[in-house]
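What follows is chain A paired twice: with chain B in the first complex and chain C in the second.
Let's turn to the complex of A and B:
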């Protein structure tokens, strides 16, 4: 979306437009990065803090991890851009199979 | 548009990573590979979770005895920052600025090397201080397979990016090598995606107990 080429017929104008668009996108990337750092710090503090029980911390830091990965995929890996339908299908199929594998190992296997 | 065509700032397309047919195939094929990698790492995570703290005798170190917050935190910050620097590299790639792209890729490689160095120190520390090795317990095997596989990916990514940088150092950017740089940066981001789950599931959940 952000990097679609406009067709004004004037290459110079298009380049300026594109440069501005990508500079804007870069600003979003930096904000994303700051948020990811923040989420990481929250997760480490939550795990290090004695006052919380494991029943709270484990789901909490897992949610933080998932949010952070969504940032990474959609902003850093550009999945929010147009033309990422097939990549999304591939990745989510992989994630689904992976999720089932983890559930299976955690529930079927025991000692 | 021919892939080897000499490009200028004016003729450089908005999505150089998907301009030629080969580039489109590369892009699609690489994401397919990442889907497979997701399954691979998920199965290693599943194995780790099933075998966590499964040690043959009670005097052996468990997850909560091994892991320390500061080291895991520094490693996380290094890898997360290297993810941002490779975003910067791709930003300059899209603006047809080869020198700056190379510079940011170089910084990415340095941060990755720092991460890898700390991981080697960490493994060495566990083996010598805690006798926690690949063969000492099921826990050890699962831990080193999961974290080591990720470290192997980091090492491979570093070799890949360095090779690309050296191979193309005198060529500059064209539509033939731009997709190569793009795909390598996707791989680097994916390494960070996996690490987010490793520091959460292995280190933080390990310290919680």
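Let's turn to the complex of A and C:
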């Protein structure tokens, strides 16, 4: 069916523009990659350092994990590109439903 | 005639339906299977009402009554209402957006066969040692304690059919996002397509909760875990939360497509554009969103505490606002319209007061303090039958009459249709209105009999009489279907004369490729717009060209059959030595056929331009 969709991509592509875009993209990916490695090291250090209590470490590395997921989605899985609005909407809705479920279990059932 | 359409024998037709990936044929499969389970669930309902007709009745025993009651609810929700809704979604939605099929025709077929085998598995429990008996909600403390294999049938059967539903929902989402015809923006989509879209999103987010809950139940019952057993450190309330996180969106999964069908009907038979289209879209999305915030109102009496109860009570009452928007929009659509009271329109008009009555009792139940009085009484039974029968079942009847010509190319008899309506409408209110009062007088729900002299005799008898009216209505509907099918008088593209959306611009039933050329959509109610400008059909958006079609496949049937076999193995694993081998054998069938599907290239085939050119009479003036 794919070739039957008349509103699929435009076959005339501006190669120069594409190249410039890719170079920019590459730069972002390298920066993000470095940041992600750095954040991972921070997480390990936080977990390993004996001076912090569990009440600090757990929320802290959870926040780092969320940042990592966002980097992953937007810079490596190209969610920052155009045409990803619908997947983004469903991703966030799913995350919201999951979050509400966990909150409810934490507050209503176990505490 | 093209070379592609030929007369076939019975065996060939059967094989065609077993292997079809065409959304219109899958719709017919859903309609037949869902209709069969609807009759089964209806039969169980009749047994319930016969048992409760007189005090101290012994028509069925207490244990059997529990099984009948459980199977009535489970069958009606999972195996009748949802598949019938899916039948209309499959039949109509791709046509409404101007697509040639759904996005994943293979998955569409897989979704149907999973549902079908799950439903058959669940109902085989009647012949294999007793049906599930813990209510359709199957609360864990009760269902863990239930003896025999009834609950195992429930958990495994719903797991299989739930997977099919999830697959179907994702398929519809992708179809609506990606396959709309040129010019069909989101805000030009017909209301039924919008309802399908939001419903599919609800399926996507709600069914995983049921899947998780059912897996925990399966592990607890069949594999020795203790998620729900407080004695072993589990928590029985977890099931209730999982079940209702799924279960409450489920009722919107049922009722939103019903709203969609009625929106189409009100516009068509008032010969007016749907009043407040954008607010209807907004209300549909808002109901879908709020539907996830209210599940705990089913559990007010479990002791969640006043704060949680208050939050869920207020959230629940908030849903009345978007629902009210929709009710008023329907009324305003009719106001000043040129109304024709066809059978679908009768159902639609009767739906408004019936559903509002269910909504009002809903707001009463939403008030947590009051709910302590109503909880587990017949008041609740009356409430949810008013919303589900008065909303969903009315829509299914209305939709059947409205879309019958589009699905089968022939009109159901209007006179018999109206008789069905009158009998069902009277029977419905006779059965369920009095149940509000039965509840207030103190009759608990799910009770298998009652004693004389408690003031419950007359009302229960009235309720039973009403049920017979509904049964008579369904029988007349069946007679109508048989007569119509035997006569088989073919109708044209737009048999109601006032069709507004794209499905009425193509023949009834549509050719298997739907649109010869994809239509150009210039606004909401695309076909009506062209008609008002004096055109006979839609303007094409593309030149006539080859059409790429998917090949039929038997693999979905085999994948589902494998899970069906594996479920028996999992269930009898503990007491029979053949359990584990059968489990492995079934999984091998499923995984093997999935493997075949993965490695074998299937590129489909093309209908060539030349074949499309020479059958102008059958083709689409797209």
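One rule holds in what follows: the second predicted complex is superposed on the first by the 96 of 111 C-alpha atoms of A that agree within 3 Å, B and C clash if a C-alpha of one lies under 4 Å from a C-alpha of the other, contacts with A are read in each partner's own complex, and residues count from 1 in each chain.
The rule we apply is simple: contacts are C-beta pairs under 8 Å (C-beta built on N, C-alpha and C of every residue); 3 or more make two chains touch, one makes a residue touch a chain.
Keep in mind that this is a model prediction, so the values were computed, not measured.
Novice: I'd like to know which partner A:54 touches here: chain B for first, chain C for second, both or neither.
Specialist: In the superposition, A:54 contacts chain B only.
Novice: Touching A:72 in the superposition: chain B (first), chain C (second), both, neither?
Specialist: The answer is first: A:72 touches chain B but not chain C.
Novice: Which partner does A:102 reach: the first (chain B), the second (chain C), both, or neither?
Specialist: Once the two structures are laid over each other on A, A:102 reaches chain B alone.
Novice: With both structures fitted on chain A, tell me whether chain B or chain C touches more of chain A's residues.
Specialist: Tallying touched residues of chain A, the top partner is B.
Novice: With both complexes superposed on chain A, which partner does A:90 reach: first (chain B), second (chain C), both or neither?
Specialist: both
Novice: Is there a shared patch on chain A that both chain B and chain C touch, and which residues make it up?
Specialist: 3-5, 86, 90, 93-94, 97, 101, 104-105, 109
Novice: Which bits of chain C are touching chain A when the two form their complex?
Specialist: 100-101, 103, 173, 177-179, 182, 201, 204-205, 209, 235, 237-238, 241, 245, 292-293, 296, 304-305, 308, 518, 541-542, 547-548, 550
Novice: Applying the document's contact rule, which stretches of chain B touch chain A when the two form their complex?
Specialist: 9-10, 13-15, 18, 27-28, 31-32, 34-39, 41-43, 45-47, 49-50, 54, 69, 72-73, 76-77, 80, 83-84, 87-88, 91, 94-95, 186, 189-190, 192-193, 196-197, 199-201, 204-205, 207-209
Novice: In the complex formed with chain B, which residues of chain A make contact?
Specialist: Residue positions touching the partner: 3-5, 11-12, 15, 18-19, 22, 25-26, 29-30, 33, 36-37, 40, 43-44, 46-48, 54, 57-58, 61-62, 64-65, 68-69, 72-73, 76-77, 83, 86-87, 90-91, 93-95, 97-99, 101-102, 104-106, 109, 111.
Novice: Quick check: in the complex, which residue numbers of chain A touch chain C?
Specialist: 1, 3-7, 86, 90, 93-94, 96-97, 100-101, 104-105, 107-110
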